[in-house]
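All chains are identified by letter, namely A, B, C and D, in their written order; residue positions are counted from 1 within each chain.
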Amino acid sequence: MSELEELRNTIRSFSEARDWDQFHSPKNLVMALIVEAGELVEHFQWLKQSESQDLSPKKLEAVEEELADIFVYLIRIADKLDIDILEAAKKKILSNESKYPVEMVRGKAKKYTEY
Amino acid sequence: MSELEELRNTIRSFSEARDWDQFHSPKNLVMALIVEAGELVEHFQWLKQSESQDLSPKKLEAVEEELADIFVYLIRIADKLDIDILEAAKKKILSNESKYPVEMVRGKAKKYTEY
Amino acid sequence: MSELEELRNTIRSFSEARDWDQFHSPKNLVMALIVEAGELVEHFQWLKQSESQDLSPKKLEAVEEELADIFVYLIRIADKLDIDILEAAKKKILSNESKYPVEMVRGKAKKYTEY
Amino acid sequence: MSELEELRNTIRSFSEARDWDQFHSPKNLVMALIVEAGELVEHFQWLKQSESQDLSPKKLEAVEEELADIFVYLIRIADKLDIDILEAAKKKILSNESKYPVEMVRGKAKKYTEY
């Protein structure tokens, strides 16, 4: 079993043991995910770009926890919708490679619809 | 190399080839992540809980893409902050297991501070 | 002076007195706004639709505070960008009236691009 | 009638004419609001602080539309929950004034729990 499948199963058991599946509709789970994303953003809202690259150990630990929360919900949503998140990411990167050809976008940060 | 490390490296190369590292401060990346989370939520905003469990193939595909986008930014942020996202998730689940003891929370959806 | 202009001025003075203008770039302020939006969503994430229409007094008060936070940042962003938020809303509603003609959308919740 | 009450009524009529009240549970509306907040953030994600203060006319117009969308949903949620958003904002500012005393926070951007 891959490490992601293992993690998915751990999360599944965690939720089943607590009878939380009843709350875990995809609708509710995407709300939970964006709530965690908001908590992540909170750590960075008043920082300068450079400060965001040089977090204190305490802040870094808090950020790590938020990333973990997002990851857990991401895996849970994918599980509920029967999506292989690893394959999805690989596919998306391939698609981005053709949407954003190196020679056209090098050093520029625009959306592909703006090229 | 694990599958997550491989994915991280692919994303790294993708970004380096485009000279996008200059835009990828943690501050900017967390913004990009929550933007994608918002696009994910958009697919579910008007759905009933039951509808959210039974997406059309077209909608499911769109949702899969949003999950992939979130995953990619999540890995990218972790990479930039030198965080092991898999370890972070495992640690968080362990911590949640003691914050939410089965016998206390079974079938209830409250925050641990409310118990 | 209108009530919105008065509120804008109060927020301005609040910020100036604390020398917080240096943090209030539009980039930082939109982050702050979405963080508050996430806190709002948190109150609703595990609720059934019907429960969300029938909040306890304590929860209602917490929700009211989140709405206030969002409102304050919204006015602040508009102020910083010299946007008349009231006019902008009126204009948007007019535009929505032509994008979503009554006879076409009655009782349906789709995005205009899907019609 | 105040300008905010007028706007609230316009939004009410807009929704009633389309029979959209059935979709406008507070749960759904807070999702819609954060989706718009995400679209707002998207305009700023790759910008430098200084660039965010100096938007092109085209970008400024797009940002204005996002602010309008957020404002409309904010008013709609408050209406559905019978909250006076103007009073709520004034109350919150008063509370912030005591949470963040000028002499303690001048020139610093921390959360009140960190003081």
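Quick note on the criterion: a contact is a pair of C-beta atoms (placed from the backbone, for glycine too) under 8 Å apart; a residue touches a chain by one contact, two chains touch by 3 or more.
Model, not experiment: these values are computed from the prediction.
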_Tell me which has more C-beta contacts between its two chains, B-D or B-C._
B-D
*Answer with same or different: of all residue numbers used at the interface between subunit C and subunit D, are over half used by both copies?*
same
*Using mean CA coordinates as chain centres, what's the subunit B-subunit C distance in Å?*
25
_subunit C and subunit D, separation of their C-alpha mean positions in angstrom_ = 2
*asked:* I need the residues of subunit C touching at least two other chains; which ones are they?
replied: 23, 28, 31, 34, 37-38, 41, 44, 46, 48-49, 109
*In the complex, go through subunit D and note every residue touching subunit B.*
23, 28, 31-32, 34-35, 37-39, 41-42, 44-46
_In the complex, subunit D residues that touch subunit C_ = 2-4, 7, 10-11, 14, 17-20, 22-23, 25-28, 30-31, 33-34, 37-38, 40-41, 43-44, 47-50, 52-53, 55, 60, 63-65, 67-72, 74-75, 77-78, 80-81, 83, 85-86, 88-93, 96-97, 100, 102, 105-107, 109
_Of subunit C, residues touching subunit B in the complex_ = 31, 34, 46, 48-49, 109
